[in-house]
Amino acid sequence: MAMTGVLRPGHAQLRVLDLEESVQWYTDVMGLVPMGRDQQGRAYFKTRAERDHNSVVLRQADQAGIDFFAFKVLDKATLEDFDRKLQAYGVKTERIPAGELLETGERVRFKIPTGHTIELYAEKTDVGNGIGYQDPDVDVLDGPGIRPIRMDHCLLYGGDIDGNVKLFTEVLGFTLVERVKLEDGKTDLAVWLTCSAKAHDIAMVRHGEDGKLHHVSFQMPSWESVLRAADIMSVNRVSIDIGPTRHGITQGTTIYFFDPSGNRLETFCGGYDHYPDMHPITWSWEHVGRGIFYHDRKLNDAFLSVVT
Amino acid sequence: MAMTGVLRPGHAQLRVLDLEESVQWYTDVMGLVPMGRDQQGRAYFKTRAERDHNSVVLRQADQAGIDFFAFKVLDKATLEDFDRKLQAYGVKTERIPAGELLETGERVRFKIPTGHTIELYAEKTDVGNGIGYQDPDVDVLDGPGIRPIRMDHCLLYGGDIDGNVKLFTEVLGFTLVERVKLEDGKTDLAVWLTCSAKAHDIAMVRHGEDGKLHHVSFQMPSWESVLRAADIMSVNRVSIDIGPTRHGITQGTTIYFFDPSGNRLETFCGGYDHYPDMHPITWSWEHVGRGIFYHDRKLNDAFLSVVT
Amino acid sequence: MAMTGVLRPGHAQLRVLDLEESVQWYTDVMGLVPMGRDQQGRAYFKTRAERDHNSVVLRQADQAGIDFFAFKVLDKATLEDFDRKLQAYGVKTERIPAGELLETGERVRFKIPTGHTIELYAEKTDVGNGIGYQDPDVDVLDGPGIRPIRMDHCLLYGGDIDGNVKLFTEVLGFTLVERVKLEDGKTDLAVWLTCSAKAHDIAMVRHGEDGKLHHVSFQMPSWESVLRAADIMSVNRVSIDIGPTRHGITQGTTIYFFDPSGNRLETFCGGYDHYPDMHPITWSWEHVGRGIFYHDRKLNDAFLSVVT
Amino acid sequence: MAMTGVLRPGHAQLRVLDLEESVQWYTDVMGLVPMGRDQQGRAYFKTRAERDHNSVVLRQADQAGIDFFAFKVLDKATLEDFDRKLQAYGVKTERIPAGELLETGERVRFKIPTGHTIELYAEKTDVGNGIGYQDPDVDVLDGPGIRPIRMDHCLLYGGDIDGNVKLFTEVLGFTLVERVKLEDGKTDLAVWLTCSAKAHDIAMVRHGEDGKLHHVSFQMPSWESVLRAADIMSVNRVSIDIGPTRHGITQGTTIYFFDPSGNRLETFCGGYDHYPDMHPITWSWEHVGRGIFYHDRKLNDAFLSVVT
């Protein structure tokens, strides 16, 4: 098949400091659909347009951050195959039984060189996007909240991003889309990788501390909807890091902002298509400011330092 | 790898009645980049954002229509593999030597059940999109013409679309995204198929005559750029079939219009992402009008009858 | 003062065949704010962004159409002044007492040469647009319905539009913005007039029958919101006359559609600014199709014939 | 008439440090149309959509800033009338003969309490906007540069803005649209005034030094064109102060940036209609950050300090 192996980002489990406040915020401000809670008390969400049961899982904790980020793979055989390949590559994997996350099949969990926990799974209940599979109408915007299209990708911070790139490209079939070099012109400061034809399904920045989250990103349908997202943030006094603006890297438009626990989120739109036959784009240290924030053309202090 | 096999539509060779007039029109009105001519006199074009050497090839002929539509595959080994699989499936293939099309590698050519000629190839020279692979800027709209992002897909008309679907899904790894049923509720009138995560890389409508072209489609970056395309068409007195409007099927926004030879083209934007784990959408005959043209909610006469 | 005399369209009273159905429709589909009913049973509406109490008044009747269209003038002295000028010009005026329409001051009512009833008034209660006059937030789109910015203008059909133009320009201070000539190159088929710096505050088309309504128009904030309006119409199976498309005249983008009683409404965006020192634009009969519908470049049958 | 007196901002004469560099920049980056030079060497520009001969005049000087800002009035009688009223009010006026500025009639020049030079004039040659007054087409974006619709307004800095407000409202017929109060809740820090139905035709901020320019502003047709403007600025390494973002005041979207001489310019879109019967909006000191920059919700250092 043309799309095989790892299909797309599937779910992210985030730690929040006050679950009830966060449930309210992800519902009312982000405009996500609450999909219930499990016995551990975790709260589940999906976007309206997503068909699978959940994509964002919130867990109450003392410290914000990301517990794990998961990718859906084509089918169960693919899942077994990846488990074998990961082990053969020297990565220790763990099986999380079906149902441990609501409406989600068995997961293969493993740690990547930057210390983050990644999961693969093949099954999550298709609950639909509300317009059905027969003679559907358009799902017109008709309520409050930012209402992104999908949970799209994340940007992780940690030490050994070279190890990550090797693992994601050689074992998981990802392709390098863009990279930023440090002042030495050789070492990668940051990389953007895709498992499909998007500009990014995951990205990583080299950082002193392992296991850190820079942001989880949500796709918006248009630059105008990015403006509406910024307006909603201001009406709700949400802390905005930067934006609306454009990235040079991926060329998508963007807002970075923070959930009530300090986890950075992104609403973005656009970004070019990237296929595995395409040449990656490289940014030199001299141009990294313009690469990250195309209009300001300089990094803000927060970009390289504030993570959860 | 995650994206393997057939990657994307690569080139379409169209027949035009007056080559010089057409070259002018595809350059000035469509805003495509002329990429030279070959010894046969064929004229080559790409969009500005496309990196490979060409995506539209024009050939002077007495009758408009499409000579062939081609898909780029991952690499040469994949090309060989598809040739073997096609032959094993009972499809006769032909090898077109590298260079027969400018800057294009060897092609595997075959006829599909609806009588259209399809090609696969693995190599086409990367000439870049003008912004480079090192510290690029944004390619801002700064000149005349519609300037689509990419040659995106085509819609073919012919008799045995069931045979096409079987071939594209079983041999070429495509996935069914949407379908329209005839009044009997069983027979497919039309199908939309993808080889990636787009809403369509090719589509087919059941039709009395084989080998016909309904339209070749070009992707636009925004609904506002679709409006600009319509304005450009009117300034240039281009014949518009319908639009700007929205499709119910794929939910993309669209204009159908005709090149000077009567070949229907489309400029479209949007359409949801479709992955191979997703359920296809089915349209009943009763709702086909809304499916094709979401706002008019009825087919215009031309949609089912005017083809080249 | 710079803006004096007639300020802007203020309210339109429309006849509807089924009041309850219409109230539901203007609330849910148009997204207007219901502002109560009066003792005669008339239903009042305003857009969210309008500050004055009402702009659309619905009256149950056996036949659809418009009872009257009103303009707000600067103040009571201006109202008195216009009454005197109208009478001096030979127009018979009538005083409608304050309160006859909810929250609306005294109105000066008169018939124009095409048989339509026009009103002037100076006072309507400022109920605000919900964001207040102190440190306001943006009123973000957060609910169902088309939600236009304002009731913007109307297009009336009748015989003596020359008489109308003379009255509106010589007595009421309007300016001619655009005109369409009949085949003789002399007679006006249609005229667009402004009392401010908009492309139109009222328009008229020459027609065999007096007192007819072509459409009442509502302003939208963007071309993207025009698309959303069209989607909402289709989700609600509203009868769409034409659009989304662009007018050559005024260059605004537009949808014409019908309320449940058959009154044509318009949602439009854009149109250039026109000041009284500017030259009007003239359209010849040969180009009228492109003038009315810039992309189709021909009139549809309904434009010249279907009125209420 | 409905629109009388002062119609709109007409021209701004800016001082630039290097005329040739500036002519290039206003042509290529701003996308203004060069309209020739006069005997003093001043360079003239208009936007493509403006019909009058010029709206921006550049003069080489040792220090950046604004020489004068002018408003077009309805006609010569109005000009005479304003001259009389200004003198009666105690403002000394000066007559600048027709032709002193290219294609511009006689001007009435005077100083306002904040030390800025303001001009009124009734005549400037209508050179048209290139699409003509007979059967026009749409002027589709087909070249480089930001290409605003019009020179729209300016924001001036100086001491006695109370005196300015009194002069503009009592003599020139302007209306107060929005105001920001200082911490005392009484003194105006800033005011926005209109002579038409726009959210602002001129604005002023209280400042220690008289005669200063904060910015001259150009209207853009859409939020998407504001993004394109920001992209063009970055491609050309133009210094961007802030944006793209939204103002709380007027609710328009905006970018502030600097010409090569350090004069701040703005490209903005939107802003609500304001008529003279409408209540002004007041911002308290506590909310001024959100009022100026709706998304950042704080003033940047430059806003209150950097002027030319």
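Letters A, B, C and D mark the chains as written, and numbering starts fresh at 1 in each.
As a working rule, a residue touches a chain if its C-beta (ideal position, glycine included) is under 8 Å from a C-beta of that chain, and two chains touch if they have at least 3 such contacts.
Remember, it's a predicted structure, so these values are computed and weren't measured experimentally.
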*Identify which chain pair among A-B, A-D or B-D reproduces the interface of B-C, meaning that over half of its contact pairs, matched by residue number, are the same.*
A-D
*Tell me whether chain A and chain B, two copies of the same sequence, contact each other through the same residue numbers or different ones, using over half shared as the line for same.*
same
*Between chain A and chain D, what is the separation of their C-alpha centroids in Å?*
43
_For chain C paired with chain D, centre-to-centre distance based on mean C-alpha positions, whole Å_ = 31
*Calculate how many whole Å lie between the centre of chain A and the centre of chain C, each centre taken as the average of the chain's C-alpha atoms.*
48
*Of all residues in chain A, which are in touch with two or more distinct other chains?*
137-138, 222-224, 231, 234, 246, 290, 294
*How about chain A: which of its residues touch chain D in the complex?*
223-224, 227, 230-231, 233-234, 237, 240, 243-246, 253, 290, 294-297
_Contacting residues of chain C [partner chain A, same complex]_ = 137-138, 140-145, 222, 224, 228, 231-232, 234-235
*Okay, in this complex, where on chain A does chain B touch?*
1-8, 49, 51, 72, 74-75, 126, 133-138, 149-150, 172-175, 194-198, 221-223, 246, 248, 251, 270, 272-273, 275-284, 286-287, 290-291, 294
